[in-house]
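Here subunit A shows up in two complexes: once beside subunit B, once beside subunit C.
Then we have the complex of A and B:
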């Protein structure tokens, strides 16, 4: 026991010694330091990895083409394990590295914690996929690429109402998940002013997401002619399979979390036939930029990029455009860069693979949602 | 014997105070990296968690896998208290102290209520039931919606619409989203003070008459029963004190982050706390302090290894466990580091 203590003492002393190396001043090296935070390990790793990979592609492209306003870009992705506390640690580690602009974080809850720190430091933050409203509300330093949860819920309700897709709508959502319950909340609020009625709302939690038969039975009995499914594709693939086994035929309407369902291993894509979803990104779109990005991503990482990847790829280019607009240089410190870039963000009109986007000073993007329907295993615009 | 114990306790307090002095000096001199600065409060939280869990696991001899649940109620009640009083009570240290007290009291009540039925069980069964209660607390916290408008508080366990809030009302606790925007009142000094209080409570309890009774029950329940010790009373005492201290740690944790979600406090978190206790030495309070510090800092120091980080961290954990507990390793240690060891033995 005593020995153990000694070993621990030595280990902790060594650890302290390592930690005491003071932060090097990196600014002025002639490169922009862009940090990225997201879950690279753990249950949410597919989202974080997609962002990290796509941002890497964008950074490589920019560096090859001569950098941002003549300056190269240094890029450093850090893992947060989808945990708010670890995310703040990652943020602090990136600050020690000399980060000047942050692309992140990928998931909502960690983003709220990091944004509180970033707002205090006046560090520019652009989240590619943090959808919760509070992700960017702590200060005027934060912006996002994706739609917020309320925007998605509202857009989905409006789309269903305006296109007269259904009269009776059932909802199935994940009540333990911030993203899913957030979207449901605004969907329901907007539904009141649309021409349809919510006849059943059922939910599940992340601890019980393998058997949906009770919820599907309730939905079936309610006589709804459309089911709104605001959650991620892994659960959706199970829901679709079980619904088909039960003989439950209806229209399915999802949001951007459903994107990726066609690449779930072992999933019969014919089950997703006629599923509708709102998504910012269609990998089969025929424009040159999307095609080039998808080809490059597939070549480097082997699979089709999802909307997280697309948001991140655009995110890097958004930062590039904002930096060019603001005219900042890498020798400025993070706070000065933030002051200039956050003004530039409201001035730029960005056009990328997730659409044409402009920003308001509160950090919310303005863009059109794209509604697609799955036919024969590919997305088709509606 | 008594002096030796006192000496040992003083070393533990001294360790914490010296660590504080060094860090405070380095902070003042601006020689700490942002990463370390950010880790200071979490380290304090985990030290308190490890020490208080050691009271149950080491001193009382009951395996609890539900301490994340107590931390969860402590964190939520503390954060809720601070959010409600954010505008009326602007003096942050006082608000934090009160919030920590609230967290501790609420967690103690939960500890008592859960302890009464649970502590009738022993061994594995106790572990399983505490695990279940920890999960229950987490899942219940996950469905709470509490809002505040001009009519007062609104409450729901379904969704935010069932509360019937007036427009403009503020949602304080929002289901899976938890509590957002807790004032960042926690500081390293507050953490250190709380560690010292925790150590004082736990060490004092161990050395008291009650502590000896608790350990007697751990070592031989029947013998303790036969000399007239009230077993339920003493077990509950250890369990409730431990829950209260864990709740205080939770409250401190909540005041260090802008967001608080019940999802964080799952069984993995309970097991993490148990890892601190086991690797620091069951029943060894100073060991818990050191293990909590090392195991909190280690994964962050390994950030340089990128994707291999978690792999290396787990390998280190396994090696530490083997080094500490495996008979073969103990034998090897005895043989090769024998001299060092025998000297230590004599000291003890």
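Then we have the complex of A and C:
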């Protein structure tokens, strides 16, 4: 009888132990659920995968170091193929998963669609790289890490003017793209108060983005000494090839969309020699945090991280700092967390690999832009 | 001078449309079906050449030949699996919709195999461009090769169709399938041969398209394919010289519209001209007028 009792005790203790183990291992209710949405496949995949990979690195680091305020982080990246409808589907899937904070989305057009949903749900949204103004205007729940399009256009015009890079400026932009035309609009506005003149503006649309020869001819005939190219690297790689074929030499000046051009497979990087761009992140910067991040990224994914990766890495740490400032816990629902975190966002002073950032209540970051120039296939700070 | 320069740029863009349009018009002229997957066969040809020349470091000519073999086999497989069962069974509309399905299928297969990141295609055309008038006018090596290829292909195709037994069989099939079959012509193999030739041409077009515009992605063939289809209709679909003429004109109109009117309205102007041409000549510039007997 005595033995029987002992056996029962051991059995029940063992059963309790079995029940306890999974609860601790998975942290269950006691983990922050951070969702991520971006193009992991499709034409813009280079951005989405960079964000997904870098965020994974940051989450792993945080979890290893004991989590956010003692709670582990669960992270779930979803693919939207740079498509607004698929992005909203991904958002709904993440809500079913139990998402409490959203890092994303990566690209502008899907971000606008998702922000409309997130604002209605009062879900905290931090886009690492959605640059369109409307990415964060639907509600006070949304913030961003990168500059907005208008800010990029203004900063670019100011940079060209203040550093006296050119007197006559030509522009080539994608009139069918909200990112490109948004940057151009504010560039044009700011140019009036700077010491240069826009002598030619040309455009293309997403339906005719293989042949730029007519636009380049117009730019060449205008006698401009700098061409502003506020669009993505894929088109830029064709533009640079065609310009070189027709013997058009000029100073190219791009914004963050050009970032990534050096990692296009088969691209002749000598075509990009001397191209200038504004970007929030330089992988060759010598501070310790950047070096550690670049080394870790290269080791895990075999590539030099681009600015989207840097924005995402910072994004996760921004969420961490804001959560700690707000003092929220994982058992609160997404709306309660959002209410506290969005106030905390305006109070924190974040310092990361993309610079020192503070936020206004409308979600826009305040920071300094970095200009780089491409020499021998790598970025150099100017 | 700048007019001449725009004109030359129009011709070089047009030559790319023309070489794609040749494949469209060939298949339409004989099999009487629109192969909307043609643009994507071009893209597959581009990837095949990319894999041979960039990844495996082969010389340009063998790369092009391998791309042609890949596309020819692909063309025959598509025809046998996707189109042939529908040719007799259903309306022409069913084949058309299947072609759109094949187009998406090819895009997604390539997306899975090669990934979504665009690749930069290093030109396989090694001859230098021409510089005229002290370098104010340039014609790239790609343009010269594309126009020459168009002319050679046109010559071979017209000779093949009018001189050989296979070519005559193709003509007969295009006129009347039923009668051709009664005369002992194997209609199925004739149509398969048409697809094989059309797809082989697509490989050449793919290499030249990617050499001229060096970005290669799974969607590379889609838009040029549609523009080339328009060029084929413009010149008179089914007519081989018409495809060439239509392609060149389309390119010239597009570039002149961009240069002198508006870069934003250029596509609208191109399609506006197409509508006017079709109103005046419903069968296109060089299309055959078919008299309907009442």
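Here is the rule we go by: the second predicted complex is superposed on the first by the 354 of 382 C-alpha atoms of A that agree within 3 Å, B and C clash if a C-alpha of one lies under 4 Å from a C-alpha of the other, contacts with A are read in each partner's own complex, and residues count from 1 in each chain.
In this text, a contact is a pair of C-beta atoms (placed from the backbone, for glycine too) under 8 Å apart; a residue touches a chain by one contact, two chains touch by 3 or more.
A quick note: this is a predicted structure, and the numbers were derived from the prediction, not measured.
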For A:205, decide between first (touching subunit B), second (touching subunit C), both and neither.
both
Pick one for A:132: touches subunit B only (first), subunit C only (second), both, or neither.
first
In the overlay, answer first, second, both or neither for which of subunit B and subunit C A:266 touches.
second
Touched partner set for A:245, first subunit B, second subunit C, both or neither:
second
Touching A:184, do we find subunit B (first), subunit C (second), both, or neither?
first
Just checking: does A:287 make contact with subunit B only, subunit C only, both, or neither of them? Give me first, second, both or neither.
neither
Between subunit B and subunit C, which one contacts more residues of subunit A in the superposed model?
B
Subunit B versus subunit C as contact partner of A:368, first or second or both or neither:
neither
Contact-wise, after the overlay, does A:221 reach subunit B, subunit C, both or neither (first, second, both, neither)?
second
With the two complexes superposed on chain A, say which partner A:46 touches: subunit B (first), subunit C (second), both, or neither.
second
Contacts of subunit A common to subunit B and subunit C in the A-superposed view 41, 175, 205, 207
What residues on subunit C touch subunit A, complex-wise?
2, 5-6, 9, 12-13, 50, 54, 111, 115-122, 129, 135, 138, 140, 213-215, 217, 219, 223-224, 254-255, 258-259, 263-264, 266-267
In their shared complex, subunit B is touched by residues of subunit A numbered 1-5, 7-9, 11-12, 15, 18-23, 40-41, 78-79, 83-85, 88-93, 95-96, 109-110, 112-113, 115-117, 132, 134, 138, 175-178, 181-182, 184-185, 188-189, 205-207
List of subunit B residues in touch with subunit A within their complex:
26, 30-39, 42, 135, 139, 142-143, 159-161, 175-178, 180-181, 184, 253, 257-261, 263-264, 280-281, 284, 286-287, 290-291, 293-294, 297-298, 300-301, 303, 306-307, 309-310, 323-324, 333, 337, 340-341, 344, 347-348
Which subunit A residues qualify as touching subunit C in the complex?
39, 41-43, 45-46, 175, 202-205, 207-208, 210-211, 213-215, 217-218, 221, 234-235, 237-238, 241-242, 245-247, 264-268
